[in-house]
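One chain, subunit A, links the two complexes that follow: it is found with subunit B in the first and with subunit C in the second.
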Partner chain A sequence: MTIAGTTELICFLVLSAIVVVGALGVVLLNSIVYSAFLLGGVFMAVAGLYLLLNASFVAAAQVLVYVGAINVLILFAIMLVNKKEDLKAIDRLNLRRFVSAGVCFGLLALLVRVVVTTPWALPGPAAVGEEATARIGEHLFTDYLLPFELASVLLLMAMIGAIVLARRDVFSTDVATGEVADQGLIEKARTPLLLERRSS
Partner chain B sequence: MNTLFSGLPSLQAYLLLAAFLFCVGVWGLINSRNAVRVLMSIELMLNAVNINLMAFSSYVDGDLIRGQVFAVFVITVAAAEAAVGLAILLSLYRNRVTVDMEQFNLLRW
Partner chain C sequence: MVSPGLDLELSFSQALQGLGLSAQAARLLWLPLPMLLVLVAAVVGVLVSVWLERKISAAVQQRIGPEYAGALGVLQPIADGLKLLVKEDIIPARADSLLFTLGPVLVVVPVILSWLIVPFGQNLLVSNVGVGIFLWISLSSIQPIGLLMSGYASNNKYSLLGGLRAAAQSISYEIPLALAVLAVVMMSNSLSTVAIVDQQNGLGILSWNIWRQPVGFLIFWICALAECERLPFDLPEAEEELVAGYQTEYAGMKFALFYLAGYINLVLSALLVSVLYLGGWGFPIPVEWLAGWLGQSVDAPVVQVITGAAGIVMTVLKAYLLVFVAILLRWTTPRVRIDQLLDLGWKFLLPLSLVNLLVTAALKLAFPVAFGG
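Presenting the complex of A and B:
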């Protein structure tokens, strides 16, 4: 994608402003639902940054996977665990926050110093631009074939694991006889395991 | 340093943005009381890493774009992580009836 330099700069500044404000909102806002929607905005802005970096395929994948799948999954999780609860007060909570903010500022300063002082090998080779998608396909089926196949196995494992972990306790009855069906995988109802220790 | 604010957004500008996003993610990861927000912070950190990979891929490795392939793999792993993480969260909520991170202290020494 070739656009004028000033336009690109303005796009970058607007998108990075959205990313910065949205990320701060995600961690600082009280309402978890606002956080989830701001997270979607951050994901969209990051996809825009990918477009600025000549990566249309990854931008599309970002929108599909992050906004379409992960953000929706997070919203579902918020709905499923939506219980109003008053969080127990912790002593020295503000001190804890300031200390961790100091640690994070230290990390940020370190990263900024590395970014500014390192002599990057610039300018690199000319960007491939619109051929990026075809180039990614070539990579995935030649030198990155093994990671690609492993990623599919990983996704299968994650899917089965998520189903096993999140499955509700179900009594399964046979449709014809009405008796309890013998299905070894299906758990029976049980009381929560760890409740009695919460008081201690 | 003079390349940082001259005309086109430079590699350093992307890297600084990614560094800030990563640090916000770390802060949220440490300080969130709500377990869902912890997962959101992890997603922020993964996005920061992805921005880094894409910036290097575009500016330093423009002809082979290995960074973009890595970003695709990171997105894949992030999807798997989000699914399993939220399943663990639901399981925790079913057993503890809370999402407060301070209550999950079974392994505390």
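Presenting the complex of A and C:
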């Protein structure tokens, strides 16, 4: 085996190990912050796998979107609502865990069977390598234009929804009870604290 | 049209194969060399800019600055580095020691990796990857995770606030930055940094992108300063409000890693501004013309060596001019408030960069000769 081949094999094994162990950690760890950081590691390792497949543009996009945007947002959300809160004990927790583990193993068995039975060595077109960026662009703006535009509309809707939810002053009535609710943004008084204390 | 120029890798592997090594072994021996060189270049670049920062800030405030360590205090940054190296490494008792250690590493590594794509000449870069400048954008988006990690792990209010601010600032300014880069990429029809520079070197200084993308240049520079957390955008560490932000609990080598990352990022941003907008390694007057006037062939070995050296000098010169501007800005401007920062990013720079992209696209269709059709 050539030097390049050996390096590739070692990289593949290491990256796969990171993906598998990291993903298990994301699911099984109790600390949500650790899970979120591990998720970033898993995304990075997947980007590494794309690199091994000569898909450098996809790898860079994976890092930019999943690590740089999604994972950062997850972390941001976790840290902004960093309340120490003791969750209520769930009854029959062990049974629930047992059932979900069973479902997961069933899924795993299904996937393993698919992996083993599928003939993977399909005669496809040769890999385009560095040309891939231009090719992806062509496809996005010709035969995949509709899904591309639909995805952007979906994102726009999500964004507007998030803004409406975040700006509570839009709602004048409570959504659940229908009562009039004053949900204007609570702002601190602009007078300095010391002056206030002296006057009272 | 483009001359092949110096190909050091080819000569190196040919020399080794002459000694009886296989081509693969020669490549294996070659591989670490450019990386090592880049690491050394990055660190030397940091030392120089730390010295510049100290001297220029002193000049701005009518002081003398460091002067005892070496002539004009040039060894002062090395003394600083050694001090940080031997300092006690403190991890706060209630901190999360694993994340506390990993945070600075995650901040430094992407910045150093980004040096892969900085070209100092036609073949003088570590790797001419096809995704080029996009690699830098995606790598720089990893940094906020490191900042959040160290802010969280310090178990300190100021650190957490600083980390959150750093992440918010970094994501906000990434978007206009990427859009400004996209306009340049559209003009040069390639993501590769080498192609971007080549496209600017037809007419020397006249064909530099700064004349065709003045707005893009300004957007990029502002966003780069914000990404480096330099004043006027150094809110994450704002010492009057947050002690030192996410760096508050760090000491010794871990603090040095943050420090190093900041300056490597500054030099890297300056280098990329010179690559994207100021013609990279290009001479103000094209080297081909100069060689023609002197009656030399561009492909002659001596001319090629001189061209290569001039290219490195030009790239570094342009970059350090920008570093100088950044340092002057730091010591002369006040800090913006966090709401002003986010307003500037989302309400001004983002629409502006979108308009810039649109105008560039229109100009490219209207004048394909001047805007790389």
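Just so we're on the same page, the second predicted complex is superposed on the first by the 160 of 200 C-alpha atoms of A that agree within 3 Å, B and C clash if a C-alpha of one lies under 4 Å from a C-alpha of the other, contacts with A are read in each partner's own complex, and residues count from 1 in each chain.
Quick note on the criterion: contacts are C-beta pairs under 8 Å (C-beta built on N, C-alpha and C of every residue); 3 or more make two chains touch, one makes a residue touch a chain.
None of these values were measured; they are calculated from a predicted model.
K.L.:
Should subunit B and subunit C be called a clash or a fit once both complexes are overlaid on subunit A?
P.N.:
fit
K.L.:
Looking at the overlay, does A:Ser56 come into contact with subunit B only (first), subunit C only (second), both, or neither?
P.N.:
Touch partner of A:Ser56: subunit C, not subunit B.
K.L.:
For A:Ala69, select first, second, both or neither according to whether it touches subunit B, subunit C, the two together, or no partner.
P.N.:
After superposing on A, A:Ala69 lies in contact with both subunit B and subunit C.
K.L.:
Which partner chains sit in contact with A:Ser100 here, subunit B, subunit C, both or neither? Use first/second/both/neither.
P.N.:
In the superposition, A:Ser100 touches subunit B alone.
K.L.:
Let me test your reading of the model: by the given contact rule, A:Val112 touches which partner, first (subunit B), second (subunit C), both or neither?
P.N.:
A:Val112 sits against subunit B, while subunit C stays out of touch.
K.L.:
Report for A:Met79: first if it touches subunit B alone, second if subunit C alone, otherwise both or neither.
P.N.:
second
K.L.:
Contacts for A:Glu130 in the overlay, against subunit B (first) and subunit C (second): which applies, first, second, both or neither?
P.N.:
After superposing on A, A:Glu130 lies in contact with subunit C but is clear of subunit B.
K.L.:
For A:Phe37, decide between first (touching subunit B), second (touching subunit C), both and neither.
P.N.:
Only subunit C is touched by A:Phe37; subunit B is not.
K.L.:
Count the residues of subunit A touched by subunit B and by subunit C, then name the partner with the higher count.
P.N.:
Of subunit B and subunit C, B contacts more residues of subunit A.
K.L.:
Minimum C-alpha distance between subunit B and subunit C after superposition, to be given in whole Å.
P.N.:
Minimum over all C-alpha pairs: 14 Å.
K.L.:
In the superposed view, which residues of subunit A touch subunit B and also subunit C?
P.N.:
57, 61, 69, 76, 80, 132
K.L.:
Of all residues in subunit A, which touch subunit C in the complex?
P.N.:
Per the stated touch rule, the residues are 2-4, 33, 37, 40, 44, 56-57, 60-61, 63-64, 67-69, 71-72, 75-76, 79-80, 82, 129-133.
K.L.:
Sort out for me which residues of subunit A touch subunit B in the complex.
P.N.:
5-6, 8-9, 12-13, 16, 19-20, 23-24, 26-27, 32, 35-36, 39, 42-43, 46, 49-50, 52-55, 57-58, 61-62, 65-66, 69-70, 73-74, 76-78, 80-81, 83, 85, 87-88, 90, 96-97, 100-101, 103-105, 107-108, 111-112, 115-116, 120-128, 132, 135-136, 139-140, 144, 147, 151, 154-155, 157-159, 161-166, 192-195, 197-198
K.L.:
Spell out the part of subunit C that touches subunit A in their complex, as residue ranges.
P.N.:
Touching subunit A: residues 24-25, 28, 99, 129-131, 134-135, 137-139, 141-142, 144-145, 148-149, 151-152, 160, 163-164, 167-168, 171, 174, 191 of subunit C.
K.L.:
What residues on subunit B touch subunit A, complex-wise?
P.N.:
Listed in rising order, the residues are 1, 3-4, 7-9, 11-17, 19-28, 30-37, 39-41, 43-44, 47, 50-51, 54-55, 57-66, 68-69, 71-73, 75-84, 86-91, 93-100, 102-103, 106.
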